[in-house]
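Take a look at this one; I'll ask things after.
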Amino acid sequence: MTQFLQATVYGLLEGGLLALVAIGFSLVWGVMNIVNLAHGAFVVVGAYIAWKLNETAGLDPYLGMLAAAAGLFAAGYVVQRCLINLVVNAPIWMTLLLTFGLNLLIVNGLILAFTADFRAIHTGWASDSLAFGEVRVPYGRLAGFALATAVTVGLVLFMARTRIGLAIRSTGMDRAAARLMGMNVRHVYAFTFGLAAALAGTAGAMLGTINTFSPASAAGYTLQSFVIAVLGGLGNMWGALAGGVLLGLVQSWGGQYLSGTLVNAIAFGVLVLVLIVRPSGLIGRPYYEARAEA
Amino acid sequence: MSPVLETRGLTRRFGGVAAVSDLSFSLEEGSVLGVIGPNGAGKSTLINLITGHVKPSEGSVLVDGQDVTGERPWTIARSRVARTFQVVKPFRDLSVRENVAIGGMFGPERASSARKAIAQADDALERVDLLEKADASPGDLSVADARRLELAKALSMQPRLLLLDEVMAGLRPGEIQPALDLIASLKEEGVTILVVEHVMKAIMAVSDSLLVMHEGAELARGDPETVMRDERVIEAYLGQRYAERARKDREG
Amino acid sequence: MLEVTGLSAGYGQVEVLWDVDLNVGDGEIVALVGSNGAGKTTLLRAVSGLIGASGGELRFDGDSIAGLAPERVVGRGVAHVPEGRRLFPGLTVEENLKAGAFAQRNGADVEHALELFPHLRDRLSQVAGSMSGGEQQMCAIARGLMSRPKLLMIDELSLGLAPKLVEEILERLGKVARLGTALLIVEQDVDAALRIASRGYVLETGRIVSSGKSAELLDDPRVREAYLGIE
Amino acid sequence: MRAWLPWAAAALGLVLLALGPTYVLYDAEQRTLGSVFMFVVLAQGWNLIGGFAGYPSFGNVVFFGLGGYTTAVLMVKTGASFFVTVPAAAAVGLGFAVLMGIPILRLRGHYFAIATLGVAEGMREGVINLPGLTGGNKGTTIPAVGEKATASYPGNTGFYFYFLILAVIAMLVVWGVARSRFGYALRAISQDEDAAAAAGINTTRAKIAAFALAGLLTSVAGAIYAYQQVTIYPDRLFSVDITVLMVVMAVLGGAGTVIGPMIGAVSLQYLSEWLRDNLTDYHTFVFGAIIVAAVLILPMGVVNFALDAWKRRRIALFQAVRAYRL
């Protein structure tokens, strides 16, 4: 029983972070109909930024996280504005190839810069834990979960309340109409992509304090983002949170009771099943489905 | 003899809204039925239901007395039911001739090879007066020619029942007459035709009977002159002004 | 106010408009009529910048607006209510209206639009995609007015609407024009369009074939034959 | 152009390739060419489903891996001869494509791409987690030499010819498809599925047939590859990178054409070898840059680009940017 509770706690907390990893991916897919295969690479870049600032300047990873978010926002903005916007209406294999190429560039760039070794960000307190009876709740994971939830809430508010949030939602539903309203769609797209990259970077920095990472971790994060985005429904922020927690729990329970990496196979099985049975996701999409592209 | 087309209580709901609701009518061989109604009245959905592109929520579709409800579109197409699409759907990377040849390859009288079908495609092209542009790419066609191609693709299926979804939309007044002539000559050959159209003059000219749809349901049906005088039709679709003008013009 | 001279435009390789001349004066209502596919929508799209012009001149208030992106054109005071309404289906009516005021940097004045379309007041928090066609069209026009345009272009005003509703909307538009916004209305119901417009243009396969005062056009036998379905 | 000219060129090329190992090519060159031939097969397999039918599979590697593991497992567990395992691998590839295609080919666009990716990744995890059968992560070793071997190991020249023959078959298959009714059906589907169905095309059957053909060719390539490698690992045989290579080769050569994927496979495989030799550390990095650049500059592929230049007398670089930019 304790084992099960412990697994549940870990899964829940990990799930919050996974949601933070995936939320930007889901947003970009929902709003722009782009599946960003470099998303996982952004997560890892965030982890490296926080790690490097911690190693060289002794910066606390939670401050480094802000630097990672800012840096990735700028990078994401530029990538979308100068690169992806150029082929944004192309058949999907073209954008898939483009972002895959970007992924190769980033991942191998990281290997060249930092080698392929595994890294970890060491903090004094992240591995300490609260104890509820036999069940341990590490501070680092708890903070990660709290932050992920806070960011999700913040993002929902941001999209609902701000001018740019309104522009992002409008553009995602009808691009031509959005332009007629005076929205600069190129900027809106770039901003959305930058936002997604910043969220990925935040998640990466956070994950770096909990797990080890290397450039090769990127692919795993991209795949998990797929699963979560599909589970939660494209562009659905609450859906991403729910999908992340669900995946976290399944992986954690699976890890407890199943051998080896079979749990990954289950995650992909669930992904394919959801795609076939209910492609709009378990929670559904906020009207991006009927997007008018013209 | 059973009618070429019969629908019984045909209904289709999207979400909670009925796009087509409880339509029952039949069409005898060689007759032309005009279907009119405001946009969103369910006219295109009706065609989609007959061809199997959309599955009915309730009711059934019979072609030549045989129940084809729930059959896949290609099965229905091969039983000589051909259609055009309101939004033209050319195969963009094929030439105009190859577009038409597809029907010859997979239609009811399938050619034994792709090459033969391509050689036979010119008949249908000639009928719609598009032979000159046989080697062009569909993307380079004008609106009117794109409509002609759509029609030629349907004709290449050697239809007994032809469903035309706004084939005259976008045509100049002068271009409408040849289309009407074509419909008349097909009718003479015994082809049964269902025409969805907005151009009232055109639809009045070719239809033996008229079906007015409104919010998915039948509003009126019968011979064109009577239907056009129907108060409900005037109210929901034509508008009072049209009716008055039409009346005045007839009298004066 | 809007001066279109010798405009040609199209999509990719296919030209749709040739050498089109058209003017709209201050506070005027002008109808642009013609059959489906004649190029009416293309003309509006070219004016609002959604597609580029391949030739000719576009001027608004004396300044060239040719080649401007649509988000800039709306800033100059030209609003475009596109064919099929194109509301943001997942946003509420209020959010749609606010989106309409996006080009207005000094905030959204929802009240102004609600005065013209009071029906919408009860619908403010309803999701736009779930409204009826008529309500959506009113919302779309109201959204177009939110940017306080000098010229409002409406494409396919009556598309899918019952005649009664069209009458009602046309009446509102008369009020809009009296308040100082010029209107360029694209409409298949030639009769209705020419009744509220002071002038009209007839577009046929990409060319203006006839233009003049509404009353003259309504009596033009060619127009009557081709577009009114009356011989 | 005279009709026999391309055939004469192809025949001449084949004769040269057949004589190559005996007279000109070093072992290493045979090995490189063998892998070029293999990628011709993989790219053509993708071309059938992604190029002709327009269903961008991002999981075709699943057939490659299944074919390889079928051969390996049969040779290890039953001591079967390689040639017996090839039809088995082909059957597994074909059968799995049909089974997987029935539900998944109903999905379109991104959803199809991701579902195929999910199947491939899931299959890899499945293979890893059946160590009794597959050796799991540690891989499995085919008894290629020594006492347990059933035949003498073919060596570089042998595999050169296996891959060459398979590549020729793949080229002929695609050539045949391109001019057949089936090929027209696939092209019609890729452009408008509703219109294709209205023209009497059984779209479900055509898509599944294309997928099955792709699965068959790809799994046989996987079988030969496994035998060549002797020891195989799930991470290598189910690597996403192989799928991406297929896509890049087919697309940059010219998806939906007959010779495009061949041109793509030959040039990119050689480019990749050259980068590996000359820019050892940077080669994947540069490869990424090349993909990005190619998508922007030559998105329709070399063959379509050349055809366009020939027919319309224009050089249309950056065509995608012009057509698809925001």
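To keep things simple, chains are lettered A, B, C and D as they appear, and every chain counts its residues starting from 1.
The rule we apply is simple: contacts are C-beta pairs under 8 Å (C-beta built on N, C-alpha and C of every residue); 3 or more make two chains touch, one makes a residue touch a chain.
Here the structure is a predicted model, which is why all the values come from computation and not from measurement.
Novice: What is the shortest path, in steps, from chain C to chain D when you may only step between chains that touch?
Specialist: Step count on the best path from chain C to chain D: 2.
Novice: Check B-D against B-C and say which one is joined by more contacting C-beta pairs.
Specialist: Counting C-beta pairs in contact for B-D and B-C gives the edge to B-D.
Novice: If every chain is reduced to the average of its C-alpha atoms, which one ends up farthest from chain D?
Specialist: Farthest from chain D by mean C-alpha position: C.
Novice: Rounded to the nearest whole Å, what is the centre-to-centre distance of chain A and chain C, using the mean of the C-alpha atoms as each centre?
Specialist: Chain A and chain C have C-alpha centres separated by 42 Å.
Novice: Could you state the distance in Å from the CA-based centre of chain A to that of chain D?
Specialist: Computed value for the inter-centroid distance: 32 Å.
Novice: For chain A, jot down the residues that touch at least 2 other chains.
Specialist: In chain A, residues 185 touch at least two other chains, as defined above.
Novice: On chain C, where are the residues touching two or more other chains?
Specialist: Residues 12.
Novice: Residues of chain B that touch two or more other chains: which are they?
Specialist: Chain B, residues with two or more chain partners: not present.
Novice: If each protein chain is taken as a node and each touching pair as an edge, is the resulting graph a line, ring, star, complete or other?
Specialist: Graph shape here is a ring: one loop, exactly two partners per chain.
Novice: Could you list each pair of chains that touch, in label order?
Specialist: So the chains that touch one another pair up as A-C, A-D, B-C, B-D.
Novice: Under the definition above, what is the set of chain A residues touching chain C in their complex?
Specialist: Chain A residues touching chain C: 163, 166-167, 169-170, 173-174, 176-185, 286-288, 290, 292.
Novice: Help me check something: in the complex, which residues belonging to chain B touch chain D?
Specialist: Touching chain D from chain B are residues 51-53, 72-74, 77-78, 82-83, 85, 89-94, 98, 101-103, 105-108, 110-111, 113-115, 117, 153, 156-157.
Novice: Quick one: in the complex, what on chain C touches chain B?
Specialist: Result: residues 12-14, 16, 35-38, 133, 159-164, 166, 188-189, 191-192, 204-205, 225-226, 228-231 of chain C touch chain B.
Novice: Using the touch rule from the top, collect the residues of chain D that touch chain A in their complex.
Specialist: 50, 56, 58, 103-104, 106-107, 109-111, 113-115, 117-119, 121-122, 125-126, 128-129, 136, 240, 244, 247-248, 251, 281-282, 284-285, 287-292, 295-296, 299, 320-321, 323-326
Novice: Give the list of chain D residues in touch with chain B in this complex.
Specialist: Residue positions touching the partner: 179-181, 183-185, 187-188, 190-192, 194-204, 256.
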